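Sharing a structure, written as structure tokens. Questions coming.
All chains are identified by letter, namely A, B and C, in their written order; residue positions are counted from 1 within each chain.
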């Protein structure tokens, strides 16, 4: 009999005996399923958060802040500075003028729908070019706000997460009342967590007639960024910091997504150890329950290799079953789950959906396989090393 | 030949029926047996004749479907499970075919096991265990684990465990069944000595005629009933 | 206890299996410890909150300032005993990674409102005499990257407030290092003098972040809060007053879903591992049917056998469980790996207790099935399995 068919016949023989050891086999499968589900779940949170940030930013859009500030919250630009930035070379020109939006960014307290406690919801004052700069804004309900009026539009994520943000209702901020004229999407980007209004109206409400915090621009092309940045940096009238939106959002999300990923991986690693011990136990007892059978096989001429491989195959099959089960559970339970958390950098809320991506599913199955192989390896070696003569007598 | 005072075991009209599926299996039917104090009785019979079942009934491991089992004047078939366990601890020593030692305990600790149920102090327990092992000739194997002992030695430990609490009766189920002839002979000699020198009442199930001739009396079981009493 | 030896010997029967079981339970309880430390950290502010303290802030949002003149007006509201103010400074030392909480405060009123912080009198005196003086909490001063001592001059920059005019950074002199009387209070904060701050900053002069007040013993917090908010209604700076606990709860809720999810996930982890470990423990009893039969033949009563089996699983669960809890506690006591997110991270005492109870519960739960099996086992049948 050749090697392969030896392996096959022992493996089939092993697998057939699984029903007899259902409890142990199931506990290994469940253990591994648990690890995989948790790993996938936690990484899906981080992936979902990152996704919001990455779809928001692109290489052909840029944000300009005051030099020394690390986010919009503590930046500040004057009307004159904003004008100089909009006129810089590299900014895309359209029929309505340069694709540059001077913006104001504040946060307001609105209760969460889930808990009823106040959360810091971002309120953004934008110029008319903002839609063009973002590029993927779409009204899914109602209409855009009208310039000069106390009107706002609400991102679909914010509308879902916070109380009273429905199209047509009124929003009271300080002494002023604003009408919500519509709900918008922005391709899953961070703007969906925000409330937008006319920058000029927000300036007067906040008594900052000439103040902006940032300028968002759409460039002629990705390549235009360097020229744009150099032009601004070399202008002695400007003290600013220029980054592409892709880079800006990567920076902005690093704290929160690092936190989630860090804790997630920590849990997953610890848990993997727990599951590994479980898998080892299962396979060791599977081997020891079959001591006599294995010895008999060896006595009638099966080699060591096939015995080792067959134990590994069994363990791998159990682990894969656990992996598929766990990944499936995580996908069913978590994919698309809507959540909101605070972005540490701006102290403002970001709404996002958990994303169980194909890459994550692959990681999950891979983890399960590794656990299965490691969990099977040592017991397999023990099985192969068993002295045949004494093992035959084992009861 | 046995009088009321000298009879230790009295089994009257005992029937034992097992249910297997819808089928009733009559292992023992209307069996009577008396064993006198100080006897060394061999129970012989083919497989399935009910000899182990009878031994279990005498040892209080099982109850008759019908009939009475009286040991030392006490109806043990009427005891509760709890009382029965306590009764076994005090009155019965078991010797098994496969020794049934605890693989995780040394010879000494195995023998000490039944004494855990008594009020003896640790040092007293150790002393009794030592004496019992000495009686079976294993004083030099106190700290050995069962797997490091030969079959004959393991069975001696088994016997030491059975006698350590000085039981009323010693019940042996095929004590030589798993041993070679020489070791088996040694075990039988040991049992004989215990019977003759210490007056222990022994009931031994065996299918080996060679073993049964060491007993003071042999009874044959067949299909759940006493067949003939072998001539002395 | 005379049966201990027997239990111990049984645990040593399959050393590898016992060790693996111990390890997986250990890991579960290690996680349990961390879980509760994190959960506690999320709620730390709430736990530390003083019932008599209220926070007065701008109604629209926390980032909107209030005028410093409000302090005197708040102080006149009936039921208000003491008032002080704080302002978020967002200071950084050299590198954005060296981020910590930093706030300008009123050096005279601060300790009146926050008696849980203790500063030696000579250091307090020195701070009150030093215009650019600052005090730092023990855990901040001891940070490896900082290692500040009294007398050090530390340059701090703030992305929010920039620098004082014509200076590259805010140079604070460390006048004192404060401790806390509350066990798990956070001491990773730097406080400096508001008078110096207000004079040196280039914008926002005359504004503060929020007010902290202490109400009189017999005053009702809701009533006082309502009165304060009414006082400033329809002004350009409307206020929102709430108890410290309510504000902290709100803040924790902002992290919100993430905290809840972490906890749900960790619970799932915990129970999965326990399920697996429990199965192994049950299995190890089932494998011993014959031996249990022998024990019963020898005269061990069913109850005694049941107790022995239970004791065995309880020993495993307690040994591993307590070790896991202990190690979790110890690791966090030695080093807090996430100081930038949770300045105070420790396994709370209640969690240690709960963990110990859970470990015992696990021992009983995993032992009870096999123990009942051992109890019901018919002795004769158990012995026959061998022949």
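In the analysis below, contacts are C-beta pairs under 8 Å (C-beta built on N, C-alpha and C of every residue); 3 or more make two chains touch, one makes a residue touch a chain.
Predicted model only: the values in this text are computed from it and were never measured.
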| item | value |
| --- | --- |
| Per-chain Cα centre nearest the global Cα centre, belonging to chain | C |
| Chain separated most widely from chain A, comparing mean CA positions | B |
| Averaged-CA centre spacing for the pair chain C and chain A, given as whole angstrom | 26 |
| Chain centre separation in whole Å, for chain C relative to chain B (CA means) | 64 |
| Approximate Å spacing (C-alpha centroids) for the pair chain A, chain B | 71 |
| Contacts with two or more other chains, residues of chain C listed in rising order | 386 |
| Contacting residues of chain B [partner chain C, same complex] | 52-53, 56, 59, 61-62, 81-82, 85-90, 92, 94, 96-98, 100, 102-105, 109, 113-114, 116-117, 122, 161, 174 |
| Chain B contact footprint on chain C (complex, rising order) | 2-3, 5-6, 9-10, 12-13, 290-291, 293-304, 378-380, 383-384, 386-387 |
| Residues of chain A defined as touching chain C within the complex | 23-24, 26-28, 30-31, 33-35, 37-38, 41-42, 45, 68-71, 73-74, 106-109, 112, 114-115, 117-120, 173-175, 207, 259-260, 262-263, 266-267, 270-271, 273-275, 277-278, 280-282, 284-285, 339-342, 347, 349, 395 |
| Complex contact set, residues of chain C against chain A | 16-17, 20-21, 23-24, 27-28, 30-31, 34, 38, 59-64, 90, 96, 157, 159-160, 162, 234, 236, 238, 240, 249-250, 253-258, 261-262, 265-266, 268-269, 272-273, 275-277, 279-280, 282-283, 338, 341, 386 |
